[in-house]
Amino acid sequence: MSTAPLLTVEQLSYERDDCNVFKPVNLAVEAGDILQIEGANGAGKTTLMRLMTSALQPTAGSILYQGRSIAQCRYEYLADILYIGHQSGVKMALSAEENLRWMSPASTSANQIAEALVTVGLGGYADVPCYSLSAGQHRRVALARLTTSRAKIWFLDEPFTSIDKQGVAALQNQLQNHLAQGGAILLSTHQNLAIDGLRTYSVEPHADRGELR
Amino acid sequence: MTFQFESLQQMWDMAGHGPYVWTAILVSLFVMGWLLVRPLQQHSAILKTISQQLRQREQCQKEHQSANTSEEDK
Amino acid sequence: MASARNWNWFHRMGSPRWFYETTGRWLPWLWVLTISLVLTGLVWGLAFAPQDAKQGNSFRIIYLHVPASFLALAGYYLMAIAGAIGLIWKMKLSYMVMKSAAPIGAALTFIALFTGAVWGKPTWGTYWVWDARITSMLILLFLYLGVLALQYAFHSQEAGNKASAILALVGTVNIPIIYKSVDWWYTLHQSATIKLTSAPSMHPDMFQPLLVVIVAMYSFYGLALILYTRVEILQRERKAGWVRELARQAETQEPAK
Amino acid sequence: MIATSVGFSGYLKRDLLLAYRRRGEAASPLIFFLLVSTLIPLGVSPDSARLAELAPGIIWVMALLATLLSTESLFASDYQDGSLEQMLISPQLLALTVLGKVTAHWLVSGLPLTLVSPVIGIMLSLPGEGTVPMMASLALGTACLSLIGAVGAALTVSLRKGGLLLSVLVIPLYMPVIIFGSAAVQAAIDGLNWLGPLAILGAMLSGAIALCPLAIAGALRLVSNN
């Protein structure tokens, strides 16, 4: 088991309406790795992330979790990953605390949830309905999941969007802690991150997409 | 097997049922014919647009090349 | 090796190009067959079959009504099966067949309903009755329209295909339930004056032309389905080399005419 | 497999809470149901004998339309705010999660309609024998409608104007439900055995509970991504 990397992506490709989105992707992520996914706007960063979380089905290629295809260990894999996308999944009608409650593992205690909200700087806002919070605060509600989650692999799509400087610093700290505890992170961002051992992978658009439709 | 009517006129009339029978038959045949003609039209239309696109692109490339060569001449 | 060879035909069948070229060879024959069968069947039925003792000449509408209803229903199952194959084996050709089957099926259902209504007027004195079979046919038309509408509602071809395949499958599960319940509903409300059930046995002289038009309709259905699918193939594969070659050939042929 | 029950009850609770927070929106099908039932006597006739004759069918048609109205939003907000995506990758059986959502939908749409229907029955002079069968058939029938409607809602979730299309897709599939639903009420009024049609509605409901979540889950996975 120890020989296989945490996550391996082999020759992964995805067709949308008979058009390959990007050139086949190959990458491997070990425990403690952080991988920044780069690419121009529309290159397919989000698509690649969603493929790796199994929200999309790849056209060809495979994704291996600890050496096994994620089709074989689907629920085990899904329990070990956390994905925060562009749309954060925050419900406007619910309060910050209620939002975090249903997005966290069932065994999370009320204390842990309150702590997680303090961590992202929403200490006094637990009971406030989310529609009266700002965009940056919505993002923080979603990011509070990082504290309550027990996932090994984090997929973060543009996590720094609409977050202020202090928030960025706090988030970087949190990422480093996760890596130190043996987690892995894949993220896409246009920020320059000051994290040791940061690797980058650039998604290249497939030649198909330049063709006339 | 015998022809059931004494004349074509009678067949058209069908003892008063003619309007019903022939409307049904003609409308049905019209719809069926339309089902065959439409794909044929679309078939040739698609081929035409493809060949037009190809020609435009070839022309574009030629102009591009000639522009390049003229630049080289300078 | 052996298993690879066994599956070869399946993959070849899934190739749009193979389908296009093979059916291209069949097409002339299918045209001849369809037109001759339709003409034979209709002339036989309209001019040579004896007239019905009770309904007179209006019964001759049966020679389009019955085959159209037949194929309308069978076509729905064909569409659903093609959709299922597309979903399970991700076969593009199968989706194209499914997409082509929808307008043909809808048109045939319309023919069945229209001829039924026109037949009803001289026979029962009304264009429309809420009979079990007529009502089921109307619902079938709605099901077809739903699949068509869903197909074209999506910008993405792929999403449209998948969505309408699922809808067609849901519809197939429902068709027997709908038919049974409409049947039951009809017996509940049936007024004794109108009985649409035809005579149990049909005179052979009437039945033989009916058989011919049913076969003719199958042939017509096959022809229309192939024609529509070929259009789909050209549209989807327009970037492929062989389609471009085809377009060039068609262009050089045209001015010659 | 504790996780699976969490998926069901978690989403059930969340959707009920959401409906409670947006009470006005959640109540609108019910208000629609009441409003349209006042239109009928105005449009047809206030004569109680004529109304009584039409009542079972009218009540059922209105219940169907009211359920349809609320079905469109079943997955729409989840799709927009990204929680549908989280649902797709949560480590729970999607079909059960979806069943939780549909149950919540029925609890806020079908159940209130059922409970209010005796009032409408009185307004439309529905004979007294019909009341209990009407409530029973509405309870079973609206659950069927929620499940079938959810399939259509899942198929059209990524479309901007899916509402009209949804009704085109779903109404043909609703027909068996309305046939047996109104038949049960009518049978009771005519003094016949109404448990027969009701039993068939029950059979339909169990079939729908078994099959619809699978179709909904498949539709969400395949269609919402594009």
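A, B, C and D are the chain letters, set down in written order, and residue numbers restart from 1 in every chain.
Keep in mind that, in the parts below, contacts are C-beta pairs under 8 Å (C-beta built on N, C-alpha and C of every residue); 3 or more make two chains touch, one makes a residue touch a chain.
What you see is a predicted model, and the numbers here were worked out from it, not measured in a lab.
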item: Selected pair, greater C-beta contact count between A-C and B-C; value: B-C
item: Between chain B and chain C, centroid-to-centroid distance (C-alpha), Å; value: 19
item: CA centroid of chain A to CA centroid of chain C, Å; value: 48
item: Length of the line joining the C-alpha centres of chain A and chain B, rounded to whole Å; value: 52
item: Euclidean distance of C-alpha centroids - chain B vs chain D, Å; value: 45
item: Chain C: positions in contact with at least two other chains; value: 156, 158
item: Multi-partner residues of chain D (each touching 2 or more other chains); value: 225-226
item: Pairwise chain contacts, counting only pairs that touch as defined; value: A-C, A-D, B-C, C-D
item: Contact footprint of chain C on chain B as seen in their complex; value: 1-5, 11, 14-18, 20-21, 23-25, 27-28, 31-32, 34-36, 39-40, 42-44, 46-48, 50-51, 54
item: In the complex with chain D, residue positions of chain C that touch it; value: 87, 139, 142-143, 145-146, 149-150, 153-154, 156, 158-159, 162-163, 166-167, 169-171, 173-174, 177-178, 180-182, 184-185, 188
item: Residue ranges of chain A touching chain C (in the complex, touch as defined); value: 16-18, 211
item: Footprint of chain A on chain C - complex, ascending; value: 92, 156-158, 236, 239
item: Residue numbers on chain D that touch chain A, as the complex places them; value: 3, 6, 10, 13-14, 17-18, 21-22, 77, 80-83, 85-86, 88-92, 221, 225-226
